[in-house]
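The following pair of complexes shares a single chain, chain A, combined with chain B in the former and chain C in the latter.
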Partner chain A sequence: MNRKLYVARSSDVASRRLGDEMLIMSGRDSTLFTLNEVAAIIWEAADGVIPLEDIVVERICSQFDVEPSAAMSDAEELADELSRHGILLLSEEPISQSSLPQQERQ
Partner chain B sequence: MLELTAAVGYQQIVVEVGGIPVRLRTTNSDFRRMLENRYQGFIGAHRRAELDFRIDLAGSKADELSDDVQVTRSSGQWSLTRGDFHAEWDPESSSGSIRQSANPYSIDSVLRIVHTLALAKEGGFLVHAASVVRKSRAYLFVGPSGAGKTTMVGMAPSDVTILTDEISYVRNDGSGYTAFGTPFVGDLGKIGTNVSARIASLYLLAKGPENRIEPIATAEAVRSVLSNVLFFAEDQELVRSVFRSVCDFVGQVPTRRLTFYPACRVWDMIG
Partner chain C sequence: MSTLMQEVAAKALKLGVPLSVQLDLTYRCNERCVHCYLDHEDHGEMTTAEIKDLLEQLASAGAFILSLSGGEILLRKDFFEILEYARGLTFCVKLKTNAILIREHEAERIRSVGVESVQVSIYSHRPEIHDSITKIPGSLKRSVDAIRFLKTHGLKVIIANVLMQQNIRTTPVLGRLQGNLASSSHSIPPSRRKWTAIGQSWDWESPPAN
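Now for the complex of A and B:
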C-alpha cells in the first residue's frame, strides 16, 4: 500500500501569484522560480496537512482533463524537484503549519 | 562639549543620495576633496546625518579591485567585504567604518551597498536603469549593459533632466514610488541631477529596427526588473523583502517594453 505524501511550502521563500503564474523567490540563494498554472495550484495547496494525492484528485483532476495516475506522477516529480531546491518540504507525516509562509496574490 | 571627531582631526562631508544623508569622516584632506569633487551636487548640509562612516585609508590596493563582494550580517552588524575594501555597519547605531585605499571606486561601491540595505527595509531598491524627469514625472529605462540605457539618455532632448544613466534609485513612501538622481555614473561618465519625481512608467529596454511600446505580462515584468535589481546581501529576510518590493512596484507602476531605434525621435513617445 502506498504511503501518503505531505507537502508544505518552505518558510525560507517569498511567493506571489501573478495571473496564472506563481513566482517564488528563495531567500537562501535568491533563485527565482516560476510555476505554471497547474503547479501553482499544488503550491498554494501545499499546507502540510492535505496529502499530495488529495490535492491532485480534488484540485487538479477536477479542473483539468487528465488521468489521476498521470497527474499524480507529474505532481510527485514537481514536488521532488522543488524539494531538491529547498523550497518545498516533503514528509510522510503531516507537517506543522507554523513554518508556512503567507500566500500573496496580485 | 567638543565633538570627538574634531578632537581626533577627522574631516567630514555628508553625501546625500535618495534623501538619505551619509556622513563620511576621514583624516585625509586630499581624500575628502576627492569625495567632494566626485559627489558634487550631492553634498548635504545636514548636521545630523542618518548614517555615519569613519574611513580609514590603507595602502594602495588597486590591483585587488574585483566584483566578488560579500555582504553578511552577524549579531545585527553588517560586514561588507571586497578585495579593495572592508566595511562594518551597525544599523542600530547607524554608524560604521570603512577600510579602503584612497580610490573613489571603493567608497562608491560601499555607498551603493549601504543604500541597497537601507532601501530593502522600506520597499525601495536600486536597479540597473537609466532614469529621467520630464514634465515633473520620472521614467525608468531598465536593462543590463548594452541594452541602451546610456544611448537613451544621451539622446534626451533639452527638456529632460537626467537622474542617472546607470543606477536608478527607487523609494516607496507608502503612497507611491519616487525616483531620485544618483551620483553613480555609467558609460556617460556624468553624475545625475540631484532631483526627484514620482515614477510615471518603467520601460524594459531593447534595441530594434523601429520604435514601439508594448505591454508585457506582470510576471515577465517582475522577472525582468528583479534580474536588474542590485542586491548583494546574503540575508533571507531582505531577499524576500526585495522580491515583495519589486512585485508591489510592478503592480503599481505601468511597466512596458520599449523597443527603440537609436535616434532622437524615440523621445516623442516618452512623457
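Now for the complex of A and C:
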C-alpha cells in the first residue's frame, strides 16, 4: 500500500496567483518560481492536512483527462522538486498549522 | 531584471495586474535630508485598519511585490503589525528605511516575519557628509550599525544612495563600504528617486537604463 504524503506551503515564501499561474518567491534566496495551472492547483490545496493523493484525485483528475497513477507520479515529482527548494513541506504525517502562512491558519 | 521576471511583468501588464506596488506608510521622518521631496509635516495617516483593508484590496488585485516606504516606516507604532499582516497575505515585502531605529531586536523581528530585502539609505561613508545631508548628527553610525544587525540575521540589505554635489566624490568609496556591509547598492539621481515616489517601481538589482 502506498504511503500517504502530506504537503504544505512553507511560511517563508511569498506567493500570488497571476492568471492561471502561481508566482512564488523563495524566502531562502529570493528565487522566483512560476507554477503552471495544474501545479498551482496542488500548491493552493497544500494545507498540510489533505493528503497529496486526495488532492490529485479530487482536484486534478476531476478536471483534467489524466490517469490517476500518472497524475500522482507527476505530483510527487513536483512536490519533491518544490521541497528541495524549501518552498513546500513534505511529511508522511499531517503538517502542523504553525508552519503555514498566517491566513491559512484556523 | 531576470528573464523570468520580465515575462511575469509582461503578463501582469497584459492582465492589468499591479504586480509591484509601493505603499508610503507615513510622511513623518526622523531625518531631514536636503534632497527629500517630502516636507515631513504630519498630513494625517491612514489608520491601521485602513492600511489592512488596502493590503487586502491589493492582494485581491494581484499585487505581489510590496515595497513599504515613507517617510520613515519604523516611526509608525503599528509598523510590525502592518508588516506581519502583509506577510500573512503572502506579499513579497521589501522595506525602505534609514534604519536608524533598527537595533538587534528589530532586526531579529524583521527576520522572523520574513522580508525579501531591506533598502537602507546611505549617502556617504564619511559621517560629516552623510550627517550633513540627513541633518542628524550620528545618523551614519546608527544606520551602519543597523545594517550589521540586519546582516547578522541573514537579511538581504541594499544600500541606496542619491547622487548629489555634496557626496558625488565619495561614491566610489561608498561602493567599497557596501561590499563590506550590504548585498548590493545603487546610486540614484534625485530625479529617479522622485519617480519612484509616484508609485512606479523597478527591480533595485537592475535599475532601468537612462
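Basically, the second predicted complex is superposed on the first by the 101 of 106 C-alpha atoms of A that agree within 3 Å, B and C clash if a C-alpha of one lies under 4 Å from a C-alpha of the other, contacts with A are read in each partner's own complex, and residues count from 1 in each chain.
We take it that a residue touches a chain if its C-beta (ideal position, glycine included) is under 8 Å from a C-beta of that chain, and two chains touch if they have at least 3 such contacts.
No experiment lies behind these values; they were computed from the predicted model shown.
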item: Side-by-side fit of chain B and chain C on chain A, or clash; value: clash
item: Chain B versus chain C as contact partner of A:A14, first or second or both or neither; value: both
item: Chain B versus chain C as contact partner of A:E53, first or second or both or neither; value: neither
item: Chain B versus chain C as contact partner of A:L23, first or second or both or neither; value: both
item: First (chain B), second (chain C), both or neither touched by A:E44; value: neither
item: Which of chain B and chain C A:D74 touches, first, second, both or neither; value: neither
item: Partner chain(s) touched by A:L32 [first = chain B, second = chain C, both, neither]; value: both
item: Interface residues of chain A shared between complexes with chain B and chain C; value: 12-14, 16, 18-19, 21, 23, 25, 27, 30, 32, 34
item: Contact footprint of chain C on chain A as seen in their complex; value: 11-19, 21, 23, 25, 27, 30, 32, 34, 101-103
item: In the complex, chain C residues that touch chain A; value: 2, 4-5, 8, 11-12, 15, 17, 19, 59, 62-65, 84, 87-93, 114, 116-117, 156
item: For the chain B and chain A complex, residues of the former touching the latter; value: 217-219, 222-223, 226, 231, 236-237, 239-241, 243-244, 247, 251
item: Touch list for chain A against partner chain B, complex; value: 12-14, 16, 18-19, 21, 23, 25-28, 30, 32, 34, 104, 106
